[in-house]
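Heads up, the next two complexes both have chain A, just with different partners, chain B and then chain C.
And then the complex of A and B:
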């Protein structure tokens, strides 16, 4: 197991290096640079800026300087927010995204597993139809629409109640995170519900469930031990990438609900061609994603005995 | 596949019931666990944000809550360039000269001043104080200006000092920064020496780059000046006491501020930072923020709610820029004239853009810019434009002859990815295809890529927006000077250059305005560009908040004169 983890970690490092290198050169090959602004700069001012940021060096030199700094964990200073270090940006804003993301993932996973099992239990009956209809909605309606509608819902609710039941936007308390997390986790929840449902239906007809039933195992135990536990495996598999996707994909929700998460920086840096922030967030998220995938593989080993043996 | 297999479980009601019960138990566990997790996460979230949200207007505390469009990227006055930072800095700092409620120049730190051909003198008031109680002195200005012009500071706006003696030479590294033509004679007397006559210098010093910085405080921040609330020293009506990046800010009344005609609120809370206008509208509806701006689709519901809707021009003029570089077909005057006569800005605004707050543009100079005594545009009427297809087609034929072409090749229209730019681009594309048979190829690029292509001259036509740096017609008038880097279409004309020189250096206001009048006409006759629209915003303010201003020059939103008045309710 240890050897296995070690091997996966080394693979992960190579992946991260590859991500960093590809991003670096792609970024430098895009027309334009972070120093361009609506207000044209004189050659003097431009030269001063280039010297300040080290952009007067050849790209390959910049690359090696960059790689050296990344290894030391220094991502440099943002071009767009000139007083802030990328490390500070990640340190201050990733926790926000992470808290929101973790909550969204938990809501999505718990909801997905529960709804999925419920639809499988009541297959082709009313709860099934109802939930599966909502699932289709959840998957197909884009998050910015859901975010905007739910925000309008909060305003209406507050107006009806005549007081602030839930905050419309902002960040900081328990009430601020509930709706955004739900919105953020909704499409994942819908996806997981469908996954759980089909997975359950497959298990229901499997030999070991039939055997358990004919042995006279109590239904609740069959459901919990034989069906649920086995059916949940595919859900766990996609959970890792889902965590990464949700934590990094909060851009829309963060903008709508005015949440100071890292997602904004991730997207806006590309538009601004903010080299250091692009590199910082991409490498950070890349590492995060790779780590999540490894983590899921390891967890898988604990849950599924067959994986452990091979 | 699964649906067709033999069902076993769902016929077995007994099994379903027991399993369902088990599921319900799990659901209960899940809800309890979730509640615990939410609680723990909320504790963690408390450390990453501020829960300082309050109602939009808090009468008891004499405070308001507002939303900002974006995090201010640079609060170091010497290096700041963007609108979001200017909003914050205009509340937290004061220059030698400031703007009053009606956007007219008014004494700031300087009590009085004198502008001559060779220089300027500022007499500073005695009671101007920093937020730590120490007096604001002439030395603070001298230090700030010398620092901003220093090549090591790499200030993007260092050019704004170029009218001061030796500034450009210092910025290019040819002279040491000590040689800059500014000198604090004593604590309350600042002498400035000009490189060339600068009649509008009083307007320049109202700009953020000219704001003071105190040397001893600056040195203490060790390169982090402006990075956080406590890394700045303020001399404006408000001071930033709390700043959670990208989340919130608190501006408190500066107890040492001298002027009792500005800064009436005890506290301004920036509780939200979001670019989403719908979110801001929702916050306003819920009474969480004091004002918000409205986009066209929001107007009907705003009117239905009987809100008092106001409009203000934000100062930006948009126009279609031609590429005048030799070898481009758009260098041909007759082609440009054909394109000018085939369109009408009124049609663009009313039929294509449909924003009630936009004004069809008629000139390089917006309607609100000042002239000799009145508004410039009242004294010097914009060239009368009439759409004339006959004339347009005639010029198109002439252009084809001159260029020796049977047909004009497709023209590349470079625009950014903003919805309004896309609307305008498709409008022009359709218009020129129908009316002149010209093919326009739209090249949509995001921000920096568009700028790269504009700067390199990789376009035939493009859209430019120009916002004023200072409150003088020159900020627009010098746009098409051949040496102006902003002139990315490289329009060049000796007449234009001569008139810009006059406007830059003449101390006679009439002579300057005459020059701008000629520039206005020349831009039209030469079709240096085609005017599109002057941008404005519709906005709504809580009726209890008075004195709130949206400005064309300086901060977009201005709370310096805002106060709460409940008597009208």
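And then the complex of A and C:
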């Protein structure tokens, strides 16, 4: 197991290194010049600035300086926001995204497992059809549309109630989080429901379930101990990619609901071509996602020994 | 050879016990077709997909309105609006009539050219402020946007020419207190604004053949926009069809190319086996580990979009570079299985070359799985395009795509919902159709992945 974890960690580090490198050269390839703005600079000032930021060095030297800074965890200073370090931006806004993401993952996983087993239990009956219809909707409607519609729903709800039952946008209390987290988790939940349903239906026909039935084990116990525990395994494998989907999906939800998360800042930075913020958040997000996938895989290895053997 | 004479062989008389086929034999694809035809959902989806393709290819021929042309008289017009316009003379400055009126009233017909208001001085007013609202003024006294302000009681009239659209407006005149703040005394008037056009405008837009065809006071029909217009007065139908070309181009061509790449890569890797296979799959694993959307965004930034470019190709290339490994893994797994099959062994023993083995035996047998993957990759690509366009990283304006149209529509969702609904609906229907078609194809083509229903 330790060897397995070690191998995955080394793989992850190589991936992160590649992400950092790709980010660096991608940003180098961007047309335009970070020191070029509307204020005219004399050649001397320009040369001084270039020297200050190391821009007069050859690209390879710049690349190694950049790598050294990343290893030290220093992502530099924002180009667009005055007096802000990229680290500060991440430190301030990532927790917001993380809370939202964790809530969404929980909603998606719990909802997916619950609805999935429900459809399998009521197979080809009304609840099954109803939930599967909603699942198809959840998979087919883009998240920004769902976000917009749910905002409209909140407005209508508040109007009917006459007070603010749920805030339409913003951040602060648990009430601000509920709807965005639900919207964020929805498509993943739909996907997990489908997965859970098919894996549940497969288990129903397996030998050990038949044996348990013939032994006279009560249905509830068969469901909880034999079916659910086995059917949940494939759901756990896709949880890693799901976290990635939810993290990037957060960009949209944070914009629509005006949530001050890192995703929104990333999108803004991209639009303003804020070099250091783009590089910093990309490397940060990349590292985060790579290691989340590894974490899920390792947990899966603990649960299902067959994985780490292969 | 071992001493059995040819004469010892006798021809066996045919018997009635010989094996017969009770039904004509079905090839794999015939079987799949029958299965697909009995799946109503998949058939409907297939129909939708085909009509979407027809819309994309034939639409611009049938509805040849320029998607970039702006109809400034009809901005953000929902579909099915009354299109009649009154022909009026060119605008002439208002000669304010002498005399006073009893209350807030119209001095002239309210048209999209101008709304002319007159009122009597409000009691206790040191001046007046004129507001305009789209909704009736409620108890919270939301008067709308302020249009004009007069700090004395000598001016008791106002002409509104600000961005008037056909429809209903609520004009309010609010009395100002001595310190210039609006007081509680107010008067509100409901005004129905009529669409107007002038002879020159009608000629310029090609609504009539010559000036002789219309006279002042006539009513004529302004340009038709079946699905309304967007916030710049561009025809929604034309833009949706143009956007369909962009969205479906990316959504179908990109998966086609990267699935093909995956097939080749996976086939080579699976067929070669051993060290080559290991190295190739390690590389594929590595590409899979890259966070896809982040890299899409990086790609977009790195390639940059010059003026006049739509940014479709950078997006296409980014998708192709990043998304091939899933298919490659799948095909490799299939090839590894097929390699061990008896018929491949037999073919090999008969002296078949590698290329023959790959193209005759292995690839055709993976085709079903590949086709299913392709159908599921298409909605994913459409979603990716929509997502990127939504966060402003997709195709550059003015090129429309369903994603960028939704992005524009969402800003005015409450007042003009049609600008969001149509593109969003098209994305949803397309993705839904491809998903259901993929389900149907999977059930028809892949015995192992068949739903346990």
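The rule we apply is simple: the second predicted complex is superposed on the first by the 276 of 310 C-alpha atoms of A that agree within 3 Å, B and C clash if a C-alpha of one lies under 4 Å from a C-alpha of the other, contacts with A are read in each partner's own complex, and residues count from 1 in each chain.
Note that in this section contacts are C-beta pairs under 8 Å (C-beta built on N, C-alpha and C of every residue); 3 or more make two chains touch, one makes a residue touch a chain.
Nothing here was measured: the structure is a model prediction, and the numbers come from that model.
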Room on chain A for both chain B and chain C (clash or fit): clash
Touched partner set for A:45, first chain B, second chain C, both or neither: first
Which of chain B and chain C A:30 touches, first, second, both or neither: both
First, second, both or neither for A:124, with chain B first and chain C second: both
Chain B versus chain C as contact partner of A:273, first or second or both or neither: both
Contacts of A:152 with chain B and chain C, given as first, second, both or neither: both
Contacts of A:60 with chain B and chain C, given as first, second, both or neither: neither
Chain touching more of chain A, residue-wise (chain B, chain C): B
A:210 touches, of chain B and chain C: first, second, both or neither? first
Partner chain(s) touched by A:202 [first = chain B, second = chain C, both, neither]: both
Partner chain(s) touched by A:84 [first = chain B, second = chain C, both, neither]: first
Segment of chain C intruding into chain B (one of 8-16, 26-34, 80-88 or 134-142): 134-142
Footprint overlap on chain A, comparing chain B with chain C: 30-32, 123-124, 148, 152, 198, 201-202, 205, 255-256, 271, 273
Chain A - residues contacting chain C, complex: 11-12, 14-15, 18-19, 22-23, 25-27, 29-32, 123-124, 136, 139-145, 148, 152, 198, 201-202, 205, 244, 248, 251-252, 255-256, 267, 270-271, 273, 278, 282, 285-286, 289-290, 293
Parts of chain A lying in touch with chain B, wherever the complex brings them together: 30-34, 36-42, 44-45, 48-49, 51-52, 80-84, 89, 92-93, 95-96, 99, 102-103, 106-107, 110, 114, 117-118, 121-125, 148, 151-152, 154-155, 158-159, 164, 167-174, 176-178, 198, 201-202, 204-205, 210, 213, 218-220, 222-224, 227-228, 255-260, 264, 271-273
Residues of chain B touching chain A in the complex: 2, 5-10, 14-16, 18-23, 26-27, 30, 33-34, 37-39, 41-42, 44-53, 67, 71, 73-76, 79, 81, 151-159, 168, 171-173, 224-227, 244-248, 271-276, 278-279, 282-283, 285-286, 288, 445-453, 455, 465, 484-486, 488
Chain A-facing residues of chain C, complex: 285-286, 289-295, 297-299, 301-304, 306, 379, 383, 386-387, 390-393, 403, 406-407, 410, 413-414, 420, 424, 427-429, 431-432, 435-436, 451-453
